[in-house]
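Below, subunit A partners subunit B and then partners subunit C, in two separate complexes.
Entry: the complex of A and B
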């Protein structure tokens, strides 16, 4: 007996909705097909699931072990329960980093979105050399972060750098963009917006491309102003893409290590230390593996919550 | 039958696919558990200590090693500085690490604490036999002798040296500093002509600011630790030293933007004649491409109580317990130490060698700055362990850690007085070091 006929025979032995003893052939066949399809999907998915478990699950479990032990990268050490989490959550350094991460993320997400959307709208208009502009505007995203951070450092780091020199020439003093804690925070956030806006521009441009131009013509005939068209038509129509790009950019910002570390190293005086920089320093400079991994866990938890909230917004918008 | 065959084929395919997908991952897991370091060779891991030509030369030396019969040959691998501690830790944990390596200045002590280091007492004994032991510069071995034995063997000294640009001192009509008051006076004079009076930095990846702070403490007879290794940051000598640094900051002798300077920024300022004086690594003229002789090593400063000292990082070679043969690791290390002179003969190293014979080589002694550094700086050089003499794993936490970075940046921004900053430094450090 083949597997299929064996399955059918099994199905025939069951009690069908048509009453005992009767065999609702059509329904059984559908159920069997469904079961077979499910089995096929199961077997097709199994390798991927196993790989995911190996690639993601193992490090996650190992990290959980490290977060609850007081060891090093080599030796796990003794079990300390929640102590590492308590230590981290009662550390002023953690909360200072959390505050900067929040600011950095808000500015990074909404700043890059605003610039990206604005440029995407601009690129829909008839401007000369639009293709060239598109390519040039992608450069900040394409250029390796090591190169762009070096370039920004050259632009702003010393009083002799071009930007402070320009300010000086304009009689605006010589601002120390990376030496003053407040200015360093501003500089890092602006740098993040500069690096990220091309991604937002691409997301917005693809969403705008799917919007039918005719509705704008209809709205104009109904007397809607440009601003009304933007706020009441464009924004709702690209809402799905916007929420998705916010989720992605939130994850990018919270996990962003090189943008900050290469430009300021988290300084001056920890002014630009984000949670991921804090975690890195805790593990690799203070050699406290457990607390460092605990910070990473707390970050993951926060990201999951934020992402879930934004997904709910997508569902509410009826665009999942 | 067709259905059966189809089902079987599909399942068979899926099974094979799963097996094929899983086997590299499982092999990766298993490989780490089963393999031993080095296999049939002595794996030597080295860092990019200089230009790529250095690593090429070091590789040649390693591959030229001809072991006595029965002993394995050696292989060479360059490990990048980026995330090096993670690289070593992961390799050691998975037993795929090196048998012998260079590395971070205090790495040997960290891994020794975790039971991974093979002590070098037999290497020292062999060096005594072949005469190299007596060739070490005075005091360089002392820092590596723990209660249990020699944790590693030094091979080069990363010294902090005071440099000055002669033409700028002439222009400012200032005398080269010999003590703290003359440093302040010269700094003010240099500032008047629009250049940096004392160069330092604490930007991304730049630890020279940290080194300057500790160098000033030990130049005043202080230091981070007591002779028996206890934290001692609030000593009067340390407070006095940091008060002087704050004075340099408040007088603008140290650039207000120094807190954010990377080593690239500092190099550019030295190169462009924007810096008159400062603490830097050995070989500064070569580093910034100055062949005019205008950048010269200054003499060490005398502190207000007559102390003279500078900071040194004795870079070292360590051996690991996970080796195909401990005797072979030792034999290779003895061989390698005997070949070090080639690196200086080829002018590939800017650091100070640990062997007197190498300091006398014409390729090294031909540079008057080198001669001055060996003569005036090496005898007074002290490590981060100062006022203690022996290094340990706690020094690694101090070097480049959050506590010292925050302290240095606080002082360089002038945001706090010396005592408060030292107090915060002490408590931050206390919370992360092991007592």
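Entry: the complex of A and C
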């Protein structure tokens, strides 16, 4: 039972009492099962593989071609080698977008994680109507971004909107949440945290569900403070799932388009233009596919590196 | 973070009956007080968090400036449906979303089963490949697909965006299904093999039949992705007859930015289906499994 190529876990563990079908000889039963399993698994996986190759694989190859050509949406254009990458990497717009993407991702990941974990911890305790709160707090994630960005627009966009008016009434001036470059960045980041924290809350809640409550009793008898219990027991115990949620949220933030585009359109003066918005504009407003796709490739490269680093942390956390 | 530290050691439901009883005697009074403090805190947080959603609902039922009525009204809804293509957009969104859900689940479920039960190198590298594809920005594939679809006549076409949606749900949907299948004991399949059932038969008749929560969870995910998407729709849909709701809402908002009542009425139409689906089925929905499924292989 060594080195199975395709086999059910059970077959590998050597507990197979008999395979499907009626095979007369005992020693061929397992191998029949194995062959049948391989065949069935092949057909079960085939649609998914085909779809992946067609819709993700083909465009990837085509995108690589586009990134090295000076074409448009209509024709491929001439081969220009690394020129697009050089152009992109030397343009100030790209680095401005990269800086904003970095800020947006860091605030998005850790902001939504902190809020989500905090609420998951709060909702783990005994609270009246806990189930209702759990559902209500997921709404920001469930409601379409088109809807919530419209609502946020109504709340903050003009000096007459409710939130600036509230600030004015409190004697804090009249902040222009979407017109001032710095404030617009803050607003977009807060909006992203508002949209994403429910996802982190769900991830945290399911990780916390596997933590045994009884360990805290022993810890408090040993005189550990609640803060120590949190940092030295709870956090390490959910480390693995925390890293996974960071990876996923990093991907979601870097690749995010509607949260930014629908709230500010990338403005004012490109202050909230992220790399995706930058790539979108380059391709669909300036009609330069080469540089646009080059930006997308550079983003992917960064994402893969960051994911790989976090993935190593998961492996480490898994060993403990 | 102070609330976090303060709350999580409060009397909780874990532990044996005896320790629970002892604990509750020891801390009952402080516990009750803490319980109401926490209730007040979560009530306040939830209220603040839900303000933008409440705004949408309230404005949708508020009569416009030119209206003669006062108090809550359905006027905005009737206006929006009579003066825009809202019903067409709603229909388009429903068709695209339902098609995505059906196709996505029927492709992801078998693949997830193989990922869950298969232990070969080919299977684990496929899982890794899914991960890499998932981390690609959708804009990378949208541009080449736009050119391909233009040749095939799939631009400005609902079938075109459905294909893109199915593809973009694939990785997460497969992980969700795999995570659920992991929780089904393999002894169920073993029993069916002994009864002479084929591998395929035991998957469809035994495993799938016991996987309704997993299937629903994946379906909800695909539903939310397809219903809420903006980027793919804005790139591929060009004429207002093929718009889905997100593009419809957005274009209407850009043209009628001051007519908040109608804008919000359309927004309510758009947010109602996901909210209803989620409220009805949320007990089945779990994203926690993705983690195990991602790191386990």
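As a convention for this text, the second predicted complex is superposed on the first by the 267 of 320 C-alpha atoms of A that agree within 3 Å, B and C clash if a C-alpha of one lies under 4 Å from a C-alpha of the other, contacts with A are read in each partner's own complex, and residues count from 1 in each chain.
The rule is short, and it goes like this: a contact is a pair of C-beta atoms (placed from the backbone, for glycine too) under 8 Å apart; a residue touches a chain by one contact, two chains touch by 3 or more.
Values in this document were obtained by computation on a predicted structure and should not be read as measured data.
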Of the two partner chains, subunit B (first) and subunit C (second), which one does A:80 touch, if any: first, second, both, or neither?
neither
One more residue to check, A:284. First (subunit B), second (subunit C), both or neither?
both
Touch test for A:160: subunit B only (first), subunit C only (second), both, or neither?
first
Greater subunit A contact set [subunit C / subunit B]
C
Name the contact category of A:123: first (subunit B only), second (subunit C only), both, or neither.
second
In the superposed arrangement, which partner chain does A:55 touch: subunit B (first), subunit C (second), both, or neither?
both
Tell me which partner A:103 touches in the superposition: subunit B (first), subunit C (second), both or neither.
neither
Counting only touches as set out at the top, which of subunit B and subunit C does A:44 meet: first, second, both, neither?
both
Tell me which partner A:89 touches in the superposition: subunit B (first), subunit C (second), both or neither.
neither
With both complexes overlaid on chain A, does A:145 touch subunit B (first), subunit C (second), both or neither?
second
Could you tell me which stretches of subunit A are touched by subunit B in one complex and by subunit C in the other?
4-5, 40, 43-44, 47, 51, 54-55, 73, 150, 261-262, 284
Considering the complex alone, what residue numbers of subunit A touch subunit C?
4-10, 12, 15-22, 33, 36-37, 40-41, 43-45, 47-49, 51-52, 54-56, 58-60, 62-63, 66, 73, 114, 117-119, 121-129, 133, 135-140, 142-148, 150-152, 154-155, 194, 199, 202-203, 205-207, 209, 212-214, 216-217, 220, 226-227, 229-230, 234, 240-241, 244-245, 247-248, 251, 254-255, 257-258, 261-262, 276, 279-280, 283-284, 289, 292-293, 296-297, 299-300, 303-304, 307, 311, 314-315, 318
Within the complex, which stretch of subunit B touches subunit A?
1, 3-4, 7, 10-11, 14, 17-18, 21-22, 25, 83, 85-86, 89-90, 92-93, 110-111, 114, 116, 202-206, 255-262, 264-265, 268-269, 272, 274, 396-397, 400-403, 405-406, 409-410, 412-413, 415, 432
Which of the residues in subunit C come into contact with subunit A in the complex?
1, 3-15, 19, 23, 31, 34-35, 38-39, 41-43, 45-46, 49-53, 55-56, 59, 106-108, 110-111, 113-114, 117-120, 122-123, 126, 129-148, 150, 163-164, 166-167, 170, 174, 186, 189-190, 192-194, 196-203, 224, 227-228, 230-231, 235, 245-246, 249-250, 253, 260, 263-264, 267, 270-271, 274-275, 278-279, 282, 286-291, 294-295
Considering only the defined contacts, which subunit A positions touch subunit B in the complex?
2-5, 40, 43-44, 46-47, 50-51, 54-55, 72-75, 93, 150, 153, 157-160, 176-179, 181, 184, 261-265, 267-270, 281-282, 284-288
